[in-house]
Structures are given as C-alpha cells and as structure tokens.
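Below: the structure, in structure tokens.
So that you can tell them apart, the chains are marked A, B and C in the order they are listed, and the count of residues begins at 1 in each.
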Amino acid sequence: MNAVRIRAIGSRVLQIVPTLLLATFLVFGLMQLVAGDPALLYAGENPTPERIEQVRQQFGLDRPFLVQYASWVGNAFMGDLSVSMMSSEPVLDAILRTLPHTLLIVGVSLCLSVLIGVPLGVMAATRARTPLDTTIMGFSSIGIAVPNFWLAMLLITAFSLNRQWFPATGAVLFSDDPVSALYHTLLPSMALAASGTAEIARQTRSALSEVLASQYVRTLRAKGLSTFRIIYLHGLKNIGVTLLTVMGLLVNRLLGATVVIEAVFAIPGIGSLVVQGAVAKDFPVVQGVVLAMVILVLLINLVIDILYTIIDPRTLRQ
Amino acid sequence: MHNQPLIEVKDASVLFPVQGSREPVRAVDGVSFAVQPRETFGIIGESGSGKSTLGRVIVCLQKPTGGTLLHAGQDPYELGSAQLRRHRRDYQMVFQDPNASLNPRMPVGASVREPLDIEGAMSRSERDARVVALMERVGLHPELAYRYPHELSGGQKQRANIARALSCRPKAIVCDEAVAALDVSIQADVLNLLAELQEEFGLTYVFVSHDLGVVSHISDNVAVMYLGKFMELGPAETLMKTPLHPYTQALLSAEPVPLPRSMRTKQRVILEGEIPSPLNPPSGCRFRTRCPLATERCAAEVPAWERHGPDHWVACHYAGAADVANPAPRAAAAVGAQP
Amino acid sequence: MNVKAIRARRNLWRRILSDKRALLSLAYLLGLTALAVLAPLVAPYSPIEQDYSQVLVPPGPEHWLGTDDVGRDILSRLIYGAPASVFGSLFAVAVAVAIGLPVGLFAGYVGGRIDDLVGRVIDTLLSFPAIVLAIGVTGALGINLVNAMFAIGLVFSPILARLVRAQTLVVKNEQYVEAARCAGAGHTRLLCKHVLPNIIHPVIVQITLLLAAALLAEASLSFLGLGVQPPAASWGGMLARAYNYMEISPWQIYPPGLAILSAALAFNALGESLRILLDPTSDRR
C-alpha cells in the first residue's frame, strides 16, 4: 500500500469522528424529543409529583440538555449504557448478548444476496430483453415488494412443517457450534435475503448493461475477447463500486428488517431486544440499541468506503 | 457635454471565492464606463473575459464586490429590498440561451406576462392584452402564448424573451450573447428587431458578445474586454478604423473581409497560446502572454487606463505604436493617439 | 390561456393511461382505496365479531376465505384491514413530505454553510436503520397506528429531503430562475412558481415508491404488535395471528400476505412507470 492510499484511508477514518458525534447527538436528541419527559417513563405507574421530581433528580434529568448529552455520550464511550428498567440487566450486556445472533443472520443474508443476485443480474444483462430477462426482473420486483415476514412463514411451511428439513425456531451461537448455527440461520437468512437479492440483481443488471454497451467493451469485443472474459474480468470490476454502494445501503436495510425476522423465528437477537424494549417502554434499552445499530452501520459504511479506495483508484483523488 | 449617464460603472470588480485556494477568481477587475440614454454600448470579449458577469452586474443580478454601480445617478444597492425589486424592472436582460431562459413548465405567455404580474399594476385582462401586443410587436403570433417553450423554435423563444424584457417598459436592456445561439439567418432578423425597438421605445442597450462583427455594427461605443479588464474603449467607428490596442487589432484582423487575398491590406493575426486561466492571471498586462508587442515592461507594470482621444481609452504601454495586423508602420498617427 | 394549458396537462394523463403497467397499478390502487372507504358496505361480516362455533373453518361457501382462531371471517377482516394499510401509508408519506419537502427546499435554496450542515444531518439520519428508529419512536410516543405511521413518516423524511435538496440545488441556478429574479420576483414567488414545479416530477416518483415502503413498514409494525392494536383488523396483525396456527390451518397466511404483496407491488410498479413517463429528458407533452 503506497502513501497515497494510506493517506486516503486515514482521512476517511478521521472523517468518521464528527459523523459519529453528530449521530450520537441526533440519537440522543431524537429520543429525548419524542419521549417528552423521560421522568414520567421512569417513574412507573401513576406517579405522584413528588415521585416524578425524585426520579428526575435521581437520573439527572433536571440538568441542561447538553450536559445530559455529554454525560450520556461519555458514559456510552466508557461502556455504560445504563440499565434496563425491566430486567435490571446492563444494556450493554444485553446488546452484546444479542448482537451475535443478529450479525450472523445479516451476514449470511448479505452473502446469499450477493451470491444469488449477482449471477442473476449478469444473466439478465447479457440476455437483455429476452424472456429470461423479463422473468428475472419480474422476480426482482416481487422480491422487493414481498413482506419478508410473510416469506419467512412460507418458507417455514414449506421446509419446516411439511418437510422438516430446517428448524422453525431457535438459534445457536456461531461461537458455540458453527454448523448448527448456520443450520438454524438458513431459513431466516433466506427470508431476509429476498429483497437484497432482488435489489442486487437489479443494480447489477443495470450497471452491467451500461458497461456492456460502452465503447470500451466494444473495443474489447473487436479485439476478440470472449464474452466470459469480458464479463468477469472487465465488466465486474467496473461495477464493483456500484455493488459496494448497494451493499452498504443493504446492510442498513437488513439491520432494520431483521427485527421482524427475529420475531418470526424466535431468535434472541438485537431486533427482539428493541421490540421488547419498545413495548415495555424500557427507554434505556431502546436508546442503547438504536445507538449500537447506528454505530454499527457507520462502521460498516466506513469499511465499505475504505474498500472503495482499494477497488477504484479514481476515488483516491477525493 | 453629456447628460447624466443612465448606467455608470466606476472601478467595479467581482471576485468569486475559489474552493481550496485563498486567491479569489477576479472575474471582473476594475472596470469603468458610462452609458448614455438611448445609446448602444457594446462589450466584446472571448469566453472567460468576464463580460457576462459584467452584464449581470449592470442588471443587479450580481452585486459588485468592489466599486460602484449607478443607475441614473442612484446606487441601486442603497435602496431597500422592496424598492430594489421595483427598481430592477427598469433594467432588464435578454439571456443567451433561449432554451434555458423560459420556465419549461409555464406557457410562454405566462412567462412574458410575469414581470407585469410581479408589478401588479394592471388587471389580469389588461396584462394579457399587453402580452398580446408585445408578442405581435416582436413578430410572434399571439396564439403561441398558450404553447410551452419546447414547442417553439430557438428564434421564437428569443423573441419571447425580448417581449418579456420589454413588458415593463424598461429603460435599459442588457443583451448577453442574445443572438449567439441562433442560426445566422435568424440573427439578422432579431438584430433588426432590436434596432427597431430601440427607436420606438427609446431604449438603452448594452450588447455583450464575442462576435465583433455583430457588435461593431450596432453599437455606438464599444469596449474590448480581456480577463476581467477593459483593454480599449471608444466609439465603434474609431475602434474599427484605428484600433490602438494589439488585442483589438488582432480581433479585427480575424474578421472575414470580402476581398481577394491579394487585395487585402491587413494580415490575419493569429494570437499565440491559450487564454490564461482567470485563476492565475499574468502579472502586469494580462494580454502580454499572447501579445506580439510584449516586452519586459508589460510583465512588470500594469498599463494605465489612458485617454487617447475624445471618448477613446486604451490600456497598453504601446497603444497605437504599431498595427499588429499591418506590418508596415502607420503613416500618420491616429487622432490624438500618442505612444 | 387556461383552456390551452389544461390541454397540455391532459396529454400527460393520456400518456399515463396508455402505459399498461401504470394503468393496471393505478386501477388496482384506486380499487383498493375504494375498498378501504367502502369497507363497512362491502364486507359480509363484522371483522371483530367472534363466533366460537366457527373456529378455524377452511375456505367454503359461507366464509370464502375461512375463519380465524376466534371465529372471525377472514375476508371481512381482510377488507377492514385495507384502511389501515392504505390510509396509514398515505399518512406516513404525508408526514415525510411535510417535513422533508420544506427542509430540502430551504437547504437547497439557501445554499452555503447552512446547506452543508443540513446535508450532513440528512446523510447521518439516512444511516440509521429505519424500522429500528421507527420502533424506538413509536415506543416512546405510545403504541398505536397513528403514532407508528407518524414515526415511519419521520424516518422517511430524510429520504425525501435529500432528493428535494439535490433537485433544488440544480434548478435554482437555471436561467429562467435568474430571469424571474431580474424581473423583480421575490423568494416566495421563485420557490413556488419556478423551483417547485420543476422539481416535482422526481419527487412524485419518490413519493410513490415511499408509499410502497410505508405499506410494508405498517404491515411489519402491526405484525409486531406495534401498529394497529387488536382487535382491530390489519393485514400484518392477521399474519401474526395466522403464524400461531400455521400448522393446523396453513391457508390463513395467504390472504393477508398476498394483500400486502399486491399492494406494495402496485405502488412500486406505478412508481417505476411514472419514473419513465415523467422523465424530463423525454418530456414531450
């Protein structure tokens, strides 16, 4: 890695600090804004005014906004995300306990999306405007519009109830038993991957079509390169940036969609955690989870940003 | 000798900040001139000379960073914002690209009527009647008022622009490359129209263009602009017959002459090099990098804006010393020209 | 002058109607809306009346789509679920427009450092996982359909704001805007008569696509119990109930699932058609 690359990567890493700060500020502000007076939430059922005041002082809610924010961020940085009102479990522990399950599903789902979506997109692009193309694009439209929890139920019906090939519920930690973990993850990931596959297929097709029609490729063809070489060596490299962009957006969407999938498959992931927290009005949990997810997305986007510089030298100039 | 000028610019400059550089780009750098009522003032320059920016300064679309603009002795920027909006109606502009200057989502008639709508002085039917009259005057069938811009030809759109500029009976109109985007045959029609309108409505024109032929034809006074500064300014006839600045001479020499080559007295002067970037103008005289007469003095010293005759100004250390298009030295010095 | 302007707009409708995909999706959506409005008249049974003698009945002549686990007619519940989905999505997108459009317009028009800051905030907000944020907001506001849809609208507004801002940045420098300014137009007039009409087409496409996303979001939230509250009928809620009885009455999962899928598909198809029809580069009315 030469100096220019290192500097580009370094600048991107530095740029994330203000973004992270802004993000934490927005999370905190949004939650506070929406929650109205958190003291009411903490004080329990039918609180008396004295109780509310007591809670307010106990949790430091009478301090000015920025002070509260600063102390919250400071604590979060130290790993203290407060404690769940329901279970008294430290929020950070809850997050660390549930996150691996979610990450496994999202990871497998992302892999599936790419492994299935890209070939589909290539096929559609190379046979543009044929019935095959129309069919693939039709499936893609359905994939984007289908409710993923419904798809999950269909998969369960087909493969768990009727055929007992896969388990319908439960999850296993990857660190405990990788094979079993993946086995449990397969159906949920497939349900989650539908819209991602559709999106990737679509983007691959459109980006590849553009490349195939370009003058650059026409020159290659005139030189006699086989279609295979053109697609896989030249075509895919050029659409690498597009793919990375889509994957970045997908991670964001998948982390959100995983919430519902976890409910269907009874997976104790971070999505289930936030849903339970929301239902129970467990404010610290909800705030902590949102923060964790935001940081996760920003970090993943940073990685993708760095990958850009490796794949596409043009972005180095930024 | 002169009445109060309708438009007066004193040492105006327009600086644009540049990203990543402390030096701003000096699009207009110290320009002074005056335009009398009912006069046609031409400004010639290549692209990048700053002439369009100067045109926009005159109609208050661009506030000068330095110097003053006076409209009939009044600085428009001293007016309150509501007053300024009213004042602007007297100083209109016809833009270069007929395709881009009409809102694609509004019928052409509505665009022409808009200045009147903003003025709010007449009833709707009166405004519509005025639009019909204006469109007929510029040679457009009133039916076209209902059409959308993409249904009109380039010439028709430009006439609509002229109609719009006229709607509030302005005192002055700045034509920024107003005919550059039109076919040559249409150009003549539009120019004739503009001349008629000037007579009829007593208009003052500022004509900005890169086309020397067009400008010299219709202007009373002409200014030659290069990289944000005026090189020469004077009556059109004087500039055409006895240009004193090498840049003007070169521009003139490039004009097609209806004579066989053997009979031509002037040589075509091809200016060397590219126009320098406005971000980094040459020191001293800006034109020196392409000037056949350049010396060390030109690099060291910015030429002063000097008078060389009644109403004739030049910025050149060697003004009138030679005609770069005519290799033989001049027989008689031009009136008032002193090297 | 008005008659002829109307004629031009009719041409646009003619083009929309001649596109089969646009026509079909529009017809479907209008039918769905009609169903949502006329639900009480069309549904054969009450959606909440329980009949323990008719529990989990498969589809038949009396109950075309069968009954659920407390004897409620599924077809009726399906019909009564339409308003939640249709009007819920409309409300959510309305919120997104009400917040996103002015913010984007303002930022794009004003430009400079304010625009830079707003752009950063928008980009950061866009990196938040939408549903999770919506869940968080709903939990804090109180769990019901209106709050849930408001949360969705809130979460979608940066998407719209980014689009509007980008379009405004381009259009505000167009020559016709300058010409209007030269004629003395003030900011309000410039924004309303010149900028807005020229950015509205991509915004309409985006709104249609957001309607699909809002519909799916509403279904997800109702499924989780964070949207429409029982016993009211909603497609997501019906799926949640059907999930519990999947083994013994698998047919229950099809009606609400297909309803959601077809509605989302229709919105997406309409959006894609509009994108091509309203494309300014092929704008010939």
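Basically, a contact is a pair of C-beta atoms (placed from the backbone, for glycine too) under 8 Å apart; a residue touches a chain by one contact, two chains touch by 3 or more.
The model shown is predicted, which means the values in this text are computed figures rather than measured ones.
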Reference subunit B; chain at largest CA-centroid distance: A
Top chain pair, ranked by how many C-beta pairs fall in contact: A-C
Per-chain CA centroid nearest to the all-protein CA mean: C
Geometric centre distance via CA averages, subunit C-subunit B, whole Å: 52
Distance from the mean Cα position of subunit B to that of subunit A, given in whole angstrom: 57
Cα-centroid distance, subunit A relative to subunit C, in whole angstrom: 23
Residue ranges of subunit C touching subunit A (in the complex, touch as defined): 120-121, 124-133, 135-141, 143, 212, 216, 219-220, 223-226, 236, 239, 242-243, 246-247, 250, 253, 256-257, 260-261, 264-265, 267-269
Interface residues, subunit A side, partner subunit C - complex: 19, 22-23, 26-27, 30-31, 34-36, 41, 141-142, 144-147, 149-150, 153-154, 156-157, 161, 252-253, 255-257, 259-260, 263-264, 271, 274-275, 277-279, 281, 283, 286-287, 289-290, 293-294, 297-298, 301
In the complex, subunit B residues that touch subunit C: 59-61, 85-86, 88-89, 92-93, 95, 97, 100-107, 109-111, 114-115, 118-119, 128, 145-148, 150, 161, 164, 168
Subunit C to subunit B touching residues, read off their complex: 1, 4-5, 8, 174-176, 178-186, 189, 193-194, 197-198, 280, 283-285
